[in-house]
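The following pair of complexes shares a single chain, chain A, combined with chain B in the former and chain C in the latter.
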Partner chain A sequence: MYALPILIGVNIITFVLFFVVNTPDDMARMHLGIKRVSEAAIVKWKDDRGYNKPILFNGRVDGTKKITETIFFQNSVKLFVFDFGRSDSGRDIGYDISQRMWPSLAITVPSLFIGLLAYISFGLILAFFRGSYVDVSGVVLCVIMMSISGLFYIIGGQYLIGKFLHLVPISGYDTGLNAFKFIILPVLVGLIGGIGASTRWYRTIFLEEMNKDYVRTARAKGLPESRVLYRHVLTNGLIPILTGVVVILPSLFMGSLIVESFFAIPGLGSYTIDAINRQDFAIVRSMVFLGSVLYIIGLILTDISYTFVDPRVRLN
Partner chain B sequence: MTRKLIKIVNRLIFRTCRTPYFFIWVPLFCIACGPSSWNNPYPYQESNELVYYDSFSERPKHLDPVSSYSSNEYIFLGQIYEPLLQYHFLKRPYELAPLTAINLPIAIYQDKDGKILAEDSKAEDIASVKYRISIKPGILYQPHPAFAKDKSDNYLYHKLNLTDLKDIHTLSDFDNTGTRELLASDYIYQIKRMAHPRIHSPIAGLMEKYILGLDKFSDELKNIYQIKLNSGFLNLNDHELSGAKLIDKYTFEITLKEKYPQFLYWLSMSFFSPMPWEADLFYSQKGFAEKNISLDWYPIGTGPFMLTENNPNRRMVLERNPNFRGELFPIDGENKDRDIGLLDDAGKKMPFIDKAIYSLEKESIPAWNKFLQGYYDTSGIVSDSFDQAVQFNTQGDAQLTEEMEQKGIKLLTTTTASTYYMGFNMADDLVGGNTERARLLRRAISIAVDYEEYISIFANGRGKPAQGPIPPGIFGYVSDETGINPYVYQWENNKAIRQSVEQAKELMSKAGYKNGRDEITGKPLVLNLDTPAAGPGSKASFDWLRKQFAKLGINLVIRATDYNRFQEKMRKGTAQIFQWGWNADYPDPENFFFLLYGPNAKIDHNGENAANYQNEKFDLLFDQMKSMKNGPERQKLINQIVELVRYDAPWLWGYHPVGFSLHHDWYKNAKPNLMANNTLKYKRINPKLRAEKRIEWNKPIWWPIVIVLFVFSVILLPAFILYRRKENQLISW
Partner chain C sequence: MPVIFITDFLIFLLLFGVVAFFFYGRKQEHLAAPWRDVRKRSLAMSSAVILFFFVCIGLFDSIHFHPKIETDKSTEKIYSNEILSVLDILLSDLRLKNEKTYSAPLASYSFSKEMIEQENGKKIRAYPRLIYGGASLNNPESESTADIVKRISLGFLYGLLISAIIINLIIFVLSKLMRASYRTTLHNCLLNKFNTHWLAIFITTLTIIITICIICSLSQNYHVFGTDKVGQDVLYQALKSIRTGLVIGTLTTLVMLPFAIAMGLMAGYFRGWIDDVIQYLYTTLNSIPGVLLIAASILLLQVYISNHADDFNSIEQRADLRLLFLCIILGITSWTGLCRLLRAEALKLREIDYVQAARAFGVQNYKVIFRHLLPNVMHIVMISIVLDFSGLVLAEAVLSYINIGVDPSMYSWGNMINSARLEMAREPIVWWSLAAAFIFMFILVLAANLFSDAVRDAFDPRLREF
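Moving on, here comes the complex of A and B:
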């Protein structure tokens, strides 16, 4: 039930922030271009898109219309039934989202799952060799990798793998199976870019588990260290990992802003950035709303997932 | 033995699949199956086809020719739509030539009694100007569902309902297409569309000033639209426009209210492209807009190419229009054109390519690298890549680096028909106005801001310091000694040399700002630059600007703001100094001088005179000059106008950018044409050479990966030994 007030709140904040920076006149000028824009054209543009109404309160009408005959009300209510309407340039936003979420998913889903597999493995290895030269050099490497900007991995990856080694296209996208060769590099870059922070985090989780009593008991029973790690530590360490992963699952739809831009992936991340640059409020508010909905779904899924991984937790 | 071998192989596969490497090896294996280079972003089958590859960075806002007013939209529209006229591809100075028109239209001047007047008649005697235009017969539109008819000659898709559209998502979902001949009435229809209440045409206001009856026609349509329809199809053929009359199937007449020779240039722009009423009706049907099927998305033209894929988030594809009549390559050009092979295709049927693929590249680095790999045929040069591509010789001429020359890349440079300037708000109390004090201050700043240095630092030398508002290549520009701005430059050793800072300081003293201090108030002089640019990218140029003003003791304050607020300041006239630019619509000095014309002032008229410059003499001379034919008399007037504005110095004249573009050896008939938008049809590609070069330049390199894997194995070997020892210890413990 807390979802509804959150969504309304997010909607109001988005609306206020957007219109504090951009008036409908500004939006019209941005859409109509710089050269030879007349006042009449601006009025016409606003009339066509319903931006000729007052923003939050309409004092010229009576009753509930004071609220309903405003830009805010007209633009916000339909969102709650997932009717995103049309962008300020006339495109059907719902259709565009349905088309653009697939390229985003094509990058984010493999990045997440391959990344998860790799980061957990590296975390376990470091935990297994804790205190040894493998652990120390691994942690140092992780810190170094964490300190490097994500942009460096993107440009470096494009230069090394695409330009120097000629193994995959530098950027671009295609449909169907042809998309495969375009996905490899962004996924790989995402994977490498996330190694530092994630591996360190997973290592900490596993080390914390390894110091608990049940691990000591398992060792006391004579189990080999690898079995202790994979059978006991990994299973129990999954609880915080799952929490972190499940919450981001729905937001995978939203794509990645920078990666999509650099690799020319026509996903939802670049859709949002383009809309902000073009001052297309209809798209911005839809994407923020969608992001909020997906985040709330993520939180709910996290709560549910607890019951699966930890039998002690029950949903009331 | 065999069973043991199978067991080993099975275990190997099983183990491989269990590791993360599986996700690396399998895709690499899949890519390896293809016969072309691994990093080729295009299908192998396309390698030997006549396809032109290019990139674009920004999604076109409009593809409706009546609304479009941006160069990134003209890239596509110019190939699809055919206005009446075009610019000659090779001739310089720029020259208009017929495209669908049979001849260049000739103006017929009439007085208020309808009497025909001579061409050189005074503008005030002329009451109307008529252009009778005949178009070539037999020109066909591209295949399009709007023209599709059944056996009874009824349109198939003109009365669709929402049920019919159930399975329609794009234009290609319509099973049938048709075509029809281009008619003179299509041009009239498009002129009427400028006044359509639902469509925004940026030149509607300008054309209402010139085309007879267009202003009234606009009001009439507005009323009809509001009262009767307010949505849906408004058949413009049912409404008469007095300034555009149909004479016969292939001929029509446009009447202007006054003499306006520049009108012919507008006839070469996409605003005056033909529009069949069938298309307007087709796209106006209910349900089309909701499905994103509109004229703004799916153009319909008679040009050499048609847009077959419009996915501006990924790529735009133009393909040869099967109904195109086949225009011939020009048989004449400049003298040097024949020597450099630009007339090798003279008289041959165009277009020479079958397809053009424009891929979205938002970032310049990937686009540049793909050009170097041969996956784009042409490229611009961004600052990041400039040093890699271009170097200046001792004479200061730009030439390609060795790396580029080895690849057979060619460089083309041309001074653009545009100007970047710094404007003073003439309505400002301090820097503006017609007082001697303010004028001397502006002139002193004009000397102090060293644009030669600016071009060298911030534009990689790609610019020509401006001597006035007119760029090179436009009639009225004078390149010799007489063409320099005597208030800023002096002629020495056959070139214009900027006056010294001491001379600027002298002007400051005369203006009463000795050492940058106001002699009346005693306070230091503080000026404000209003700009929408902010962030680290602009910091260096702002620092440089502060330094330039500081030469005169002026403290320059940068008032950076967002773009909307900046526009608001400009509209309200609260900005003091600003930076602005202008790209020519057409090659005529009028298109630059109008930026300083009083009735175009931004504050009072929301026009393009951003400096709000007002000078009666200038306005008078401008009115005379704009309707004159190019010749010595016009040049004389232009010289007077230029002298006036140089004297008043409402702008720091800034610089005219020099465009640098690169293309590969397999790309032919490349000649910069800053005015023409329909140049794709002239281009020729050698796909065989391109395919060879791509393979040569993009051989996969494996050895670094092998070395990295080996190094990792060596590093991890002791760890593996440690692991084994640890395991054994634990078990024994």
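Moving on, here comes the complex of A and C:
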């Protein structure tokens, strides 16, 4: 139930950032060229995009319109019903989002699930061989992989698999089943890029769990190590893992900004980057709001999933 | 005439703070003991040496001034408009040796063919000689390999010599401090009998100095990492980028630290409505995706800069303001984690007897926070500073790639990668800009990661037994 006040807060922050710190006049001047821009051109630019209304309170009209005919109401409050309005270049943002959602999901959903599976297994393997050479070399490898910027994984992957081995196209996207060959490389690159940090993080979680009393009890009962790991450590380790996954949830829709623009996938991530480069404030504003909505949905989902993983937690 | 950028000022403020904290922490047993543990670790000490070299380069690059123009009249002082740093002076060799366009590492010939007019007036398409690369050679095709080998071995010898002097100097000072003979000190260092892992420090220093000497000796006649599109030395760019990386990695934490500490401790200590407000604040900020918040803010800064273009004296100052602003924004998006940790710790601490006793005696709230809570959360603050560093350096590269990072005119690894990316399609491929950025970033981030691991293990002993 904390969702609504947070959303209102986000809304106010974006509103202040986009309309109060920089007035629509500044934006118009920016778009039309900095110098030698006539007043009339600025007024026309604002008229076209509906930025010509007063910011908070409109004294020139009657009744409820005093509130509704303002920039705050038209551009910020309407976001609550997912009415994103039109972008500064005149396109319908809501339609664009619904179109571009699917390519993003096609990349991020497989990345998330394959990634979780892979990282958890790696983490378990390292935890199983704790203290041995397998563990030490695994951790060293993780630290080394963590220290490489994600950009290099993308560039390296594109060069090696796309250009050198010619296995899949370097970038692009297609509809339907043809999309498969375009998806493989981004998913793979995303997977490899995350291995270092995630595996080490999961290993730490599992080791922390293995240090607890119930694991000692299980071992004392004479359970084989594999059963201890899968039955006890894994299920208990899921709680912190779930918390970590929520942080990724918003990026599930938003797509990975960098990956999408590198691989020229027409998803939400590249949409946002294009908007940033074109300085289209309306789109960035909508994406900020959408992102925080998804984050809050993620928070609520975690709370619910806790009750499945850990029956002691009750929703109230 | 010196010029002080805001970030320069903050960097030296930070340096001063670190030194002050060092002397403060030495007397506090709960802070000093884990550091002794860090000093025993070989990997941590190696990374510390590497970080030290990076920081030195960054500091040299943070002292800016307008250079004096040589004139005939010695009484009159005229300063050029250009802003240089001490590092630029040290590297003036690299800075001024500009080629026409791309050239491969250690090359003597240009990367692309050009029309060359020969002495007899005939024009042919061939690879022209570089202006500086391999300039001392008469016939680079046959001589260059031998010359490179000669220079590498010369650099190696010099490196050996210099590092031997430095290491001997350290041992000499140590023996004076320990009041032992030189030989026993050397013996103890090599057998690793001190509290500090001197052996690791010596080996790392040796490696670094030899590398530096080899690069120095090579770059007198070649471009070690080649040149970029406008013919600028890539090694110079990579070295200049160190400051940007360090500024982002350290100042961001410095900027957010006062807020995070104050808010976290207040929320945990006072509880009630203050806690609610602060929690609301950081959950709200947290729920906005970081990249988008940064993008929005940078966009707005661009609007501001373009509308107030007259307020800035130079491109450097504008770039510097953007760098600072980026640090602040990154700080705003990342202070929530530390704040939450501190709140949890303060909640625990406020129930401890000595805090309760202080309250019962009627000590004012702010005094309790300063005297009793703050010193006891210092280790958390320290760990988070060290842990955040590497992530921030990596984030800079990604942000510069989407054009919401540092100013495009500023040297940074992100900008290097960004401009090199466009050349990936060339055949043969232009790889050296990427390679240079990769190597420098990798070394810095790896050293930071290893060092922060050691620090965290020392301060957080839960996992030490594994």
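Structure notes:
The rule is short, and it goes like this: the second predicted complex is superposed on the first by the 270 of 316 C-alpha atoms of A that agree within 3 Å, B and C clash if a C-alpha of one lies under 4 Å from a C-alpha of the other, contacts with A are read in each partner's own complex, and residues count from 1 in each chain.
The criterion applied here is as follows: a residue touches a chain if its C-beta (ideal position, glycine included) is under 8 Å from a C-beta of that chain, and two chains touch if they have at least 3 such contacts.
As the structure is a computational prediction, the values presented were derived from the model and not from experiment.
Chain A is touched at more residues by one of its partners, and among chain B and chain C that partner is B.
In the superposed model, A:G131 lies in contact with chain C only, and not with chain B.
Judged by the touch definition given at the top, the superposed model places A:P240 against neither chain B nor chain C. Residue contacts after overlaying the shared chain place A:V143 against chain C, while chain B stays out of touching range. In the superposition on chain A, contact of A:Y159 is made with both chain B and chain C.
Residue contacts after overlaying the shared chain place A:G291 against chain C, while chain B stays out of touching range.
Once the two complexes are laid over each other on the shared chain, residue contacts for A:F182 go to chain B alone; chain C is not touched.
Look at A:D274: by the touch rule set out above, it reaches chain B but stays clear of chain C.
When the two complexes are overlaid on their common chain A, residue A:S261 makes contact with chain B and with chain C alike.
On chain A, the patch touched by chain B and the patch touched by chain C overlap at residues 21-22, 26, 29-30, 155, 158-159, 261.
Of all residues in chain A, those touching chain B in their complex are 21-23, 26, 29-33, 35-41, 44-45, 48, 86, 89-92, 95, 100, 110, 114, 117-118, 121, 128-129, 132-134, 155, 158-159, 162-174, 178, 180-182, 184, 188, 219, 222-226, 261-264, 266, 270-271, 274. Residue ranges of chain C in contact with chain A, taken from their complex: 280-281, 283-289, 291-293, 295-297, 299-300, 302-304, 306-307, 309, 390, 394, 397-398, 401-404, 413, 417, 421, 424, 429, 434, 438, 441-442, 445-446, 449-450, 453, 462-463, 465-466.
Interface of chain B with chain A (complex): residues 20, 23-24, 27-28, 30-31, 37-41, 43, 59, 61, 69-70, 197-198, 200, 202-206, 289-292, 294, 296, 311, 313-314, 359-363, 365-367, 369-370, 372-373, 375, 562-564, 567-568, 606, 608, 698-702, 704-705, 716, 718-719, 722-723, 726-727, 730-731, 733.
Listed in rising order, the residues of chain A touching chain C in the complex are 2, 5-6, 9-10, 13-14, 17-18, 21-22, 26-27, 29-30, 34, 130-131, 143-144, 146-152, 155, 158-159, 204, 207-208, 211, 250-251, 254, 257-258, 261, 272-273, 276-277, 279, 281, 284-285, 287-288, 291-292, 295-296, 299.
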